[in-house]
Structure formats: structure tokens, C-alpha cells
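Look at the two complexes coming up: subunit A is in both, with subunit B in one and subunit C in the other.
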Partner chain A sequence: MSRYLAPDNLAEAVAIRAQGARIVAGGTDLMISLRQARLEGQPQPELILDVTRIPELNRLELGAERPFLGAAVTFRRLKTDPEVARVYPLLAKAASMVGSVQVRQTGTIGGNAANSSPAADGVSAITALGAVALLASPRGQRELPLSELITAPNKNLLAADELIMGFWLDRLPDGAGQAFSKVGRRQAVAIARLNVAAAIAPELREVRLSVGACFPSPRRLTLVEELVMAGQPGPELWRQAGRAAATNFTDVCGWRSSAAYKVEAIARVTARTLATAWAKAGGAA
Partner chain B sequence: MILGTSPLRSGSRERVLGDTRFGADQGQAGDLYLACVRIHKAPARIDGIDPAPALALPGVVRVFTAADIPGVNRLGIIPVSKDQEFLAEELVRCPGQAVALVAAETPEAARAGARAVVVKLTGAPGVYDMAEALAEGAPLVHPGREQGNLLDLRVIKNGDVEAAFKASAVVVEADYTTSMIEHSALETEGGRAWWEDGKLHVTACTQNPHYDRDDLVRFLGLKPEDLVVIQAETGGGFGGKLDVSVQPYLALAAWHLKRPTRLVYTREESFLSTGKRHPFRMHYVTGADEQGRLTAVKAELLADTGAFASYGLAVCMRAAVHAAGPYYVPNVDVTSRMAYTNNVWTGAMRGFGVPQVALAHEGQMDALADALGLDRLEIRRVNALRPGQATITGQVLKGGVGLTQCLDKVEPIYRTWQAKAKGDDRFAEGVGLGVMYYGIGNTGVSNPSTAQLEWTTDGRVVLFTGVADIGQGSDTVLRQLAATRLGVRLEQIDLVRGDTSRTTNAGATSASRQTYISGNAVMAAAENLEALVLGEARKMLGARHQELVLEDGMVRVKGDPESALGVTEVVRHLTQRGQAARGEGGFDPHTVPLKPDTGQGKPYAAYAWAAQCAFVEVDRDSGMVRVKEIAAAHDVGRAIHPKAVLGQICGGVMMGLGLGLMEEFHPGKTSNFEDYHIPTSADAPRITPLIVEEPEATGPYGAKGVGEPALIPTAPALAAAVGQALGQPMRHLPLSLERVMETLAGAGAKDQPC
Partner chain C sequence: MTLDFTLNGQPVSLEGVPAAESLLDLLRHRLDLKGTKEGCGVGECGACSVLLDGKVVDSCLTPAWKAAGREVTTIEGLARDGQLHPLQESFLSAGAVQCGFCTPGMILSAQSLLSDNPDPSDEEIKIALAGNVCRCTGYHDIVLAVRRGARALRGEAPEADES
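Let's look at the complex of A and B:
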């Protein structure tokens, strides 16, 4: 039988985590793996640490000089919070496309990162926003870019005694247009086959692009971003960028017959998402 | 009025309150828990099974193997093709087959025991492709079987197709495929077995308690009177609960240990071990004259039955009979083959092969219309079977043929959507049609039902039926029929259902047959009960030459309002003489078996008809298909309970949407709903169900069936709609992201994004 602890302060949580506790936030991934372990006769964790009552992890301070997104913030909150919709509409959109009402109600952005699925919609979104994870342990706090924290599918550099407090996000230039697209096998409760997050500042001063469910770990496609910044905004540029993103995919992952869909979809959906972001930045189509 | 109204369905209150006791809710304190030892790689020879490590674990009571089965270890729903070893004897034939059964005091101990049993296996060569299975030298799934891997071959032949093709204005030829599908009933299989009054009792979710009883009796070597099967409330079946699942394990352990047992499958075990929908490969050649009238259909069907026969014979034959669709076709040559492979076995699923062939016959109709420059709806109207015409089995239809009425209903909607479907640079839009017919009941064989009605001395009527209500609503519909026929209120009818010790065989809840066949059995029982009551009343009234009628619980003499008797009085009179006021009824639809060499005969006594149309949009960037609208017109003969009919239509459409767009079971890979997608509410289009009532002379108050028809035209309509959106016929299901994108990408520069 596992012991379930839900402290209301960070110090206690860090101490419990240091005893080797498994962390639970929304539980939408953890409960599945615990059930699987039970069916297979694998041991259940002795300690389960519920981090959802810790104030620091529930902070959502997007207007700050350095915007902060607490790890225990739920997708429902991200979907419905007016400040998120104003500052980071691509994040609100991504959150609205996660799972189902039930999953969004309990699932958190921190859990999304800690589970480290390459298809995680929340991770793709905040990767485009330059997320830097803030981690706490008895040894103190440290920062690590999300794109470095997650190293491979379901693998990350979170130490056994560490927990994710939240993410520092970049402030985007005024007037930046943002867009998020998701492709799944059905309209809801679908793991992304592909997701694309894009932000474009007026006059192409800044371009951000991340593509999820295609790479082993989250990343901004900096080569594509540079290509766009150097180009003439318009359909031809978005098409070029889409093809460049697809090339980036085959460069990293190789070309197999199963990649045929991805190559086409990355090119098309990336182009569309960039076009949408540009239009939202006030650019002509 | 009870018919044609929609009274609250039996059991609704309990379901809403969470009081319904499904298979999984039957357990009681002190039950033994069971767990199966299943093998995931097949085929494999069993070299030995060592239960000792399991028996050494605390709480493990016993480990059973095939050697412990006292009766015949061959199960399967069709009597002539029982081939499934419920605990494998020498050879594991498909992934998921069980080789041992563990009984323990707790579920954890049972699972630990199942993991601890040591099974020594030697891999054997297998065959996993239905075409390869029939090739020379393929490994045999059932070694020593005379026909090799060919489970069945059925033909329907009439006229001369080759000559007809030569004389046709146009001939179209194409291949079609469908995927393996999991039923995904909300409730996984579960139940309990126990001893009571010296008899073994088994309760579990099921679609046919009496078949289960007969299978279990064989399995344990008992006499039918030694074993009672009671249908637990059943949370969906869709054909997946026709074959036994947990019942043999429950019964075997309870029989040996003389203790109650319980077993509930996890979703994973349900996915792994129960039957699936047959995947089909189909090759069609279809000819028509200049007016679009069909001249000939040549169809070659091949399906995969997996390692066991289950309902394969029925699906093979039904697919052949329906292969040309609901059209008049003067020349036909259908070959339907079904092959054993080492894949998970396939069996009955809503439609029995007809949803698969409908994809092909409808694709062919569109291809013909396009080739001839005809309207896709008109070509269907031109060819729609009408009274007086013969089906491809040579059965001349008399009445109850409502296809043109269904087409009339959907036509205005179809035309409106066609005008609306323009699309833009982001979304391509398309509209498609699908039509079908479906024979009610089993194909060309006797498939009787029976029922009893008893009037009690306290003024109630008890309906005894073996019909398993699995959510489709037969409990209510049969009560409506009985109440109407006897002239009593619906609330006066009590129900005893699905208990083999108290009811008689009504046949399976399958083949859309219960309203028609068991409904007729109830009608016959009511007629006999009425005759008994009126006969007794006649004696009591001395009204020998006058006409008596039964209404509102009274026996009245026509033209003599003064003379009347309460039915209860008559019933008391009967019981005082030691006679129960009980009427027995039965019904077996009139069919003529199909000739083996030509497939000619009269396979069904009644047919249901339907036309559906679908309006879809396709995202040109991602290949995602969203279904905007579906209209579904169904000729049900008579809607006894219209809300239940509408529920069946909407549910069927959603299941058809899954078959059309997303569902695909990969044997050995798919494990649960994480990797098997069924439509969610967010995928549901606006559905417009339309009821057509073309009375069936042989049906109860004209009724037929709708359970399977609801699903059949949906996938063909979706394939046509997506095909229209993409400008390319879509002939392979599901219409996955990958298939759609391949078509989009192949369409060339004109479809480039932005």
C-alpha cells in the first residue's frame, strides 16, 4: 500500500520528494502507469507526493518582468484564464486541445513536462515560449531550459530528489501573433500525431516555431525561424518554411515509410500555422 | 396506444441511479477469484505446464489446465464448427489464448498465480495473412484439418456474368478492404458461478443465455438440467458477447472446487481474448447498361477468421448473400472465402460481414454513375429492388420493400448538402451516399424463438422470454407487443427474462432478429392466452354463439354491453380447475436453405432497408476528416418504440463512423483504448434519423429490425463523401490520416496548401 502525502508548502514537499516519493499532480499519466504496474505485479511506490497544494506551484504570473507558470497549473486554468488568453493565446489554444474536459480539469503543465512524451501539447506550446524549468531539491534550486530537461521520449534529467516548480517563459514582443495547431486521429482525447506552435512579431522581428510529436525531445526549429525572418512574408515563404521544417524532421529522424505522412503534414500544417500567426500579428495574408 | 409511443425503457431508472448489476457487479464475499494464463506469441507448441510455483503462493487454491476439463473442450457458437479450446491442449493457435486457469482467494493472488505458472513453449511457424493462409504449403492453423486453412467457401451464381459484361455499356472493377474491429462494449466481460439447489449456476453478461447453457453443458459433460445460466444485465454486446467468454472458466472452477467463483476481464484481456470483426478483402467487377441498370456483378470476397471459426460460417454466407447490395442484378457470380490464420479470432459483430461488402457495392455504384455521367442517387433508385423482383439468391420479394422510400427521405437533404459542399482553400467538402438491405434473422436456417405469457390471479401478466436485452430495448418492445395484443396496460406486464431455468430458448440477440422473431413468438403466446381466456369466459357466460372480445382487462360480449367479465375472474376460474392461464408461443421465419452450388434459395423471411448520406470536411493540411452531418433513413416496418429506433440509428451511425474513419485493430499490437480509437462525442456529427414504415406482412404489427442496419450504410457514405472531397475514390478503410494524406499529396499541385 502506498502512502499518499499532500503537503501545503514547498519545504515539506522537497523533503518528502528526497525520500524517493513518486510525484503526482493531475495523475492523468501516473495513474495509468500505476495501474499497469499493478496488473503486472510490479511494486507500487511507497510514497506518493501530491504537489497540487503547494502555493509556488500554483503561481501564474504572466504579466511579470519574467513571466512564471507554476507546474501545478491545470490545462483547464490555462484554457480559461483571461490573462493566458491575452498574453499567450497559443498556450490557451494548446491547453484547450489537450485530452478531454476530464483530463484538462486535473492534468497539469508540470506533469505534461515531467512525463516527457514527445507528443505533449503543453510542452510544444511552452517550448515555443522559451520555457526554462525551475527545479527544487534539498540541494537548492536550479534552472534548466525545457529543451534540455527532456532528453528523449519519456526521459528527462530530473534528479530523483528534484521536483519541477514551474517554468520561466519569455516575454513576446508587443503585437506578436500566435497560433497553435494539433493533428490527432479524432477530435478529442487524441494523442497528437503532430502539433505546431508558432509566434511571429510584426515585421518578422522575431519568429518562434516548435513542432511536437515528431522529434525525440522538444525543440524550436531555429533554422526555420531564421529562414522566415530573412524572407518576404507571404504564402511562398510559409510554404518554404513548411518544407524546411519537414526536412529538419527527416534530418533528425531519418526517412522511413511511416514518415511519409509526417513529412507531408509537417510541411502543410507548419505553413498554415505560420500563416495564421502572421495574420494575427496584423500581417497581410 | 402503446405501439408507436416511447414509454420509459425497462431498467432506465436503475441505470441512471447506478443500481444496475452488470456482469462485473455479481461478485459476493467469499468468492474465489480467477485469472487466466494467456500466451502472447502464437502459434506455439505446449511442452509443459508447471503449476507448482503458482500453488506455492499464498492464496492460490488451484491451477487448472485442459486436462481438468471433464467434457468437450471445443467451443464456438455454431454447432458444426466448434473448434476453440478454452484451455489450449497441445498448440496455442493465436495470441491471447489461455493455457491455464488459476483460482485464488484474492484478485492479487490470482494474478500473481497466473504470472507464476511456468509454461514451456516451442514456437511454430504461423500464418498471419488471409491470402497467404490459403496458398499452397502455408502452415496449418488446425493441423490435420481436411480443408486446410479454408474455413468456408460460399458461392452465389445466377445467369452468365461474362456474357453480360460483354454486352454492358460500362464495366467497373476495383478492390476494397476493411480493417479488423473491436466491439468496444462499455462493459467488459464478467460474471459469477455458484452452486444452488444442487445445480451449478452461472450468471454473466451475454447475448444468448440458452446457447451459453448448451456450450457449458458440453464443456463440463453435464445434463442440461444440471446447469442454470442467468443473463446478467449486459452493458453492450454488438456481437462480442455471442460467443462465451468468462463463462467456461467460471463454471469449470466452480464445478471442481464447489465454491463460488468470479472473473471480470480487464479491458486489455477483453481486447486480447475476445472475437473481432472480420477484416475483408474484396474484388468487384460490376457492369451496367447506358441507363445505369446493373447487368452483372462479380465479387470475390476473402475474410480472416483468425484461429477459430466462431461465427465465420455465418459471416461468410451472409456476406455472399448481400454482396451485390439492395439492387436487382440479373447476372451474378459471388465467391466468398474465409481463411484461418494465427491472428486473434474474429466472430460476430453488428452486421455479420454486410458492413464490409456494403463498402464495395456502394463504391461500385458511384463508379458506375461517374462512368456513365449519371446522378449517384438516381442510379441507386433505378436499381433499387422492388416488390416482385428477385434478389441474387432468386428470392422474389413480395412486400416490405422500403428502399425507394428511404431514398425519397434522404434525397432533399442530399441535394441541399451537395449544393452547400463547396469547401475553401483550407477544407475540402464532400457528400456521399450509402444504401443497404439486410436479411432479418439467421441465413437460410431455422432460427426459432419461443415465449410464454401468464395471467395471474392478481391481474398481472408475466412475460417469460429467453431474449437477452443487451441495451437495445427488447424488454420494453416485447412488453409493448404483449400489452397491445392482450389489451392491457404496459405497467401490468411483468418480465421474467434470460434465465434458463424459467424461460425457454429465444435464440440469440443477433442478426437484428429479436423484434421480428421473438416479437412474433410473444404475439403467438398472446394469441393462445387470449383464446384460452375467451374459451373459459365463453363457458362462464354461456355465450356460445356470441363474439367475445378482450379489452381493458375485461371480456365483453359484442353487442351486449351488459354481459362482461373481469379477466381476473376468468383466470381464477381457470386456476380453480388447476389450469394456469398461460399461453405458449413460438415463431420460426420461413426460409429455404441456399443450394450449395448456386446459392439460390430464400435465406430470410424479411428484409430491412436503409439509405444514409454523409457530409464531411477534410483538412487539406492534416488529412483530418470531420463529419459535419449524417442523415439516416431506415425502413423498420413499424417502429414499436420510436425512441429506441432513433437510439439504434444514432448509435449505429457512430459505430459506422468508427469503422469508416478510425478503428483498426492490429493483432498483437493493439492493447487497449490508448491505441484503439473509437469516436468520442466530439467526433459526433449532427445526425438526422428518419424512420420509414413500410409494413412487413409477417412482422409483429409490421415490424422488422434495425440494430445492424443502422451501422451498415455509414462507412460507405463516408468513403463516398471523403472521396468526393478529394476527387478520388476511397476504397480502403479506415480513412486514416495517412490514407487521406496520401490521396491529398497524390492529387498534385492544385491541392497545395495556402
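Let's look at the complex of A and C:
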């Protein structure tokens, strides 16, 4: 008889995970893959660990010296929590663009990372915020930057006995403007074709840019960030940055059939997102 | 292990529910409640929407065990004492039902919205229903029905809003 366990403490969860449990948080990705497995005649898991009742995973401490975002925090909470809107508006915006009301109700940021889809809006957003994943296993806890944890589409370095507790995030400089954009086939319930997260501090003291869905794994485009920091803010700089982001894409991914569209989309959406972030930092257009 | 929860106001206790079973399969196949529909099975159409503690979720994406100790409301649970719920009435009067397959999910999404926001704008209604797909007739009369149902739930008289 299979078992579904939803412990209310981390120690028990770690012990259950170590028995080979599949992890579920919201279920919005796992249930689809279990359905597919069933249709293909594959076995269903014998042990499922529901991590959503563990207090550490529900922590949302964005005002802390080292801000922390628990893995079981839902997109609904990220979309509606006033502290998220104040401290990380780009994350609130990204969360508001995930799936539907139904998906946001249960889907979590930790599940978004563990599923490791290149199109994950939440992953793109927290990559720009410097997310470092905090992982727990019977061997203890370890930290790994999210951009290293996720290695390729739907592939990550999470060990078979590990679970994601949450993410440490960087504090952004005072007055930093933030923006998040997404391109999908429709406005809701769309897998991103492209998503862009940007944060810019006043006087270009700090620039963060993460571009998702068109790369195999999450990343900040550090070359583009440096280009922007060295430039004169304004439409020409945003255009240059957009073109540099597109070049970065073709350097990494080559010229596939969809590239003709993506190169233009990356260039323009990146430029627009940087311009929005700059305007929100109080900069002149 | 026993799975205990409240379904449409009544306690339910089930044995032998597999860990990977969806709430949708549990409702339709174990409890024979066919008002909850299976459309896409992957969380894109909303036909399987139900309320979990009053909030709308896709039951196809929800493990049945997530219901443990909680309250599940399906379309069968909205009418009281033979009286349709105001949203059910408004969907009928607005002509918002054609084939009816999406209707239970539409109504439960609307109910979830109205419990958070009793007086939504049309834009808020559209965002709330973005996860529910109708393939018959479009959304105009569905939005109208939600607006009308909202007014009824607020205890306000109907308005001439047939635009």
C-alpha cells in the first residue's frame, strides 16, 4: 500500500525523503508527470512526501539581513503579500503571471525550481535576485546557487535524499527599480517563450538581468549587466543591451529555427524591461 | 491509513486511497460525483476546478491526500435545500451555459473570486476565470453571469447590465 505523508516538521521530512520519497508541494507539475507515467504504464510512487506543512519551508523573511524565501511559499502568496510587493516587486509580478488562479493557489517557488523547467517564471525572477538554494538531507544542510543547482532542462543537482528548504536572496540597494516581462502564447496559463527580470539601482550602481525560457538553465547575463553599468542610461543603452542579450542567446543556443523570432523578442523585451526598471528607479527615460 | 475530510459539508472517510491518486479521480471514480469534469488533465482548462478550504484549485493537479482534514466543495455542494446558488441562477438567466462542460468549474472559480472580492470589476472577473476554458460560446455571457451573481450575493437588486 502506497503512502502519502505530510509531516509538520523538517526532521521527519528529511527522514521520509531519505527513504526515497517523491516530493510534492503544490502538485501542479508532479501530478502531470504521474498522470503521464500512468498512461504509459509506468509504476506510481510508493511514497510521497508533502512538504507544504513544514514551518521552515513556509518562512518568508524578506526584511531580514539575509532575506529568505521558503520553498513551500505559493505563487498566490508571492502575488498578494504586501512585503513581497514592497521588497521584490519583480517577484510579485512574475508570480502574478504564473499559470492561473488555480495553479497559483497551490504551486510553489520550490516546486518551480525542483521541476527545473527552463521556462519557470519564478526561477527567472529569483535568479535575478541572486537566489542561493538551501538544501537539507540526512547529511546536513548545504547551499548552492540556483543557477548551479539547475543544470539543464528538467535536470538539477538535488540529491535523491535532499529537499529544497528555500532560497536566500540578495538585498537590493535602496531605490532599485525592478521589472519582469513575459512572452507567452496568451496572457494566462501560458508557458513562457521568454521571460526577463531586471533590477537597476539609482545611478546604475547595480544592474541585474536574468533572461529565461530561451536558455537551457537559469542565468544572469553578467556581460550585459556590465555593459549597462558602464553606459549612459537611456533608450540607446537599453537597445544596445537588448542586442547584447540576443547575441548571448545565439552564442549559447546556436541558430535554431525559432531563433529568428527569439533574437528579435529577446532584444526588444530586454530593452523594454531594463527601461521599465530604470524608470522605477527614478531615472529619466 | 484513512483519508478523512469534509465534502460539501458532510464528513467523508476513505480507506485505501493510493498516494498518487488525484482529487479529481477520487471525486469522480471513488465518490461518483460526476459534476467535476476531466477536461485536459494537465491544469490548463479548469473543468475540474473545486474549492479546497474555499479557494479554487484544479482537482486534476491536486493529490487526493491534500484534502485530509480540509473542506472540499464541488458543484454538487453549492445548492442548499433544493435552492440553486445565486451563481447557478445567474449562469442560467444570463445564458452562460451552452454544452455545460466548463460550467461547474466556471461557477466554482467565480465563487472563489467572490469570497475574496465581492464586487469585482470585469477585468478582475476575466483574470479570475483565465484558468477556465469555454469552447462553445465565448466569455461575454459568463462574465455577465458572474457580475449578476455577485450582485445577488451582495443582496443588491439586478441592474440593466445586458451589455
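The definition used in the following text is that the second predicted complex is superposed on the first by the 284 of 285 C-alpha atoms of A that agree within 3 Å, B and C clash if a C-alpha of one lies under 4 Å from a C-alpha of the other, contacts with A are read in each partner's own complex, and residues count from 1 in each chain.
Assume contacts are C-beta pairs under 8 Å (C-beta built on N, C-alpha and C of every residue); 3 or more make two chains touch, one makes a residue touch a chain.
Owing to the predicted nature of the structure, the values given are computational and were not obtained by experimental measurement.
In the superposition on chain A, A:Arg272 contacts subunit B only, with no contact to subunit C. Of the two partner chains placed around the shared chain by superposition, subunit B and subunit C are both touched by A:Ser100. In the superposition on chain A, A:Arg193 contacts subunit B only, with no contact to subunit C.
With both structures placed on the common chain, the touch criterion links A:Ile48 to subunit C but leaves subunit B unconnected. Once the two complexes are overlaid on the shared chain, A:Gly242 sits against subunit B while remaining clear of subunit C.
With both structures placed on the common chain, the touch criterion links A:Arg256 to neither subunit B nor subunit C. The contact surfaces that subunit B and subunit C form on subunit A in the two complexes overlap at residues 32, 100, 187-189.
Contact residues of subunit A toward subunit C in the complex are 1-4, 6, 24, 26-28, 30-32, 34-35, 38, 44-48, 50, 76, 99-103, 105-106, 187-189. The residues of subunit B lying in touch with subunit A in their complex are 111-112, 115, 266, 268, 426, 620-624, 626, 661-662, 674, 677, 679-683, 736-738, 741-742, 744-745, 752-754. Touching subunit B in their complex are the following residues of subunit A: 32, 39-41, 100, 181, 183-190, 193-194, 235, 238-239, 242, 260-261, 264-265, 267-269, 271-272, 275.
Taken together, the subunit C residues at the contact with subunit A in this complex read 1, 16, 18-20, 22, 41-44, 46, 49, 52, 55-58, 60-63, 65-66, 68, 109, 112-113, 127-128, 130-132.
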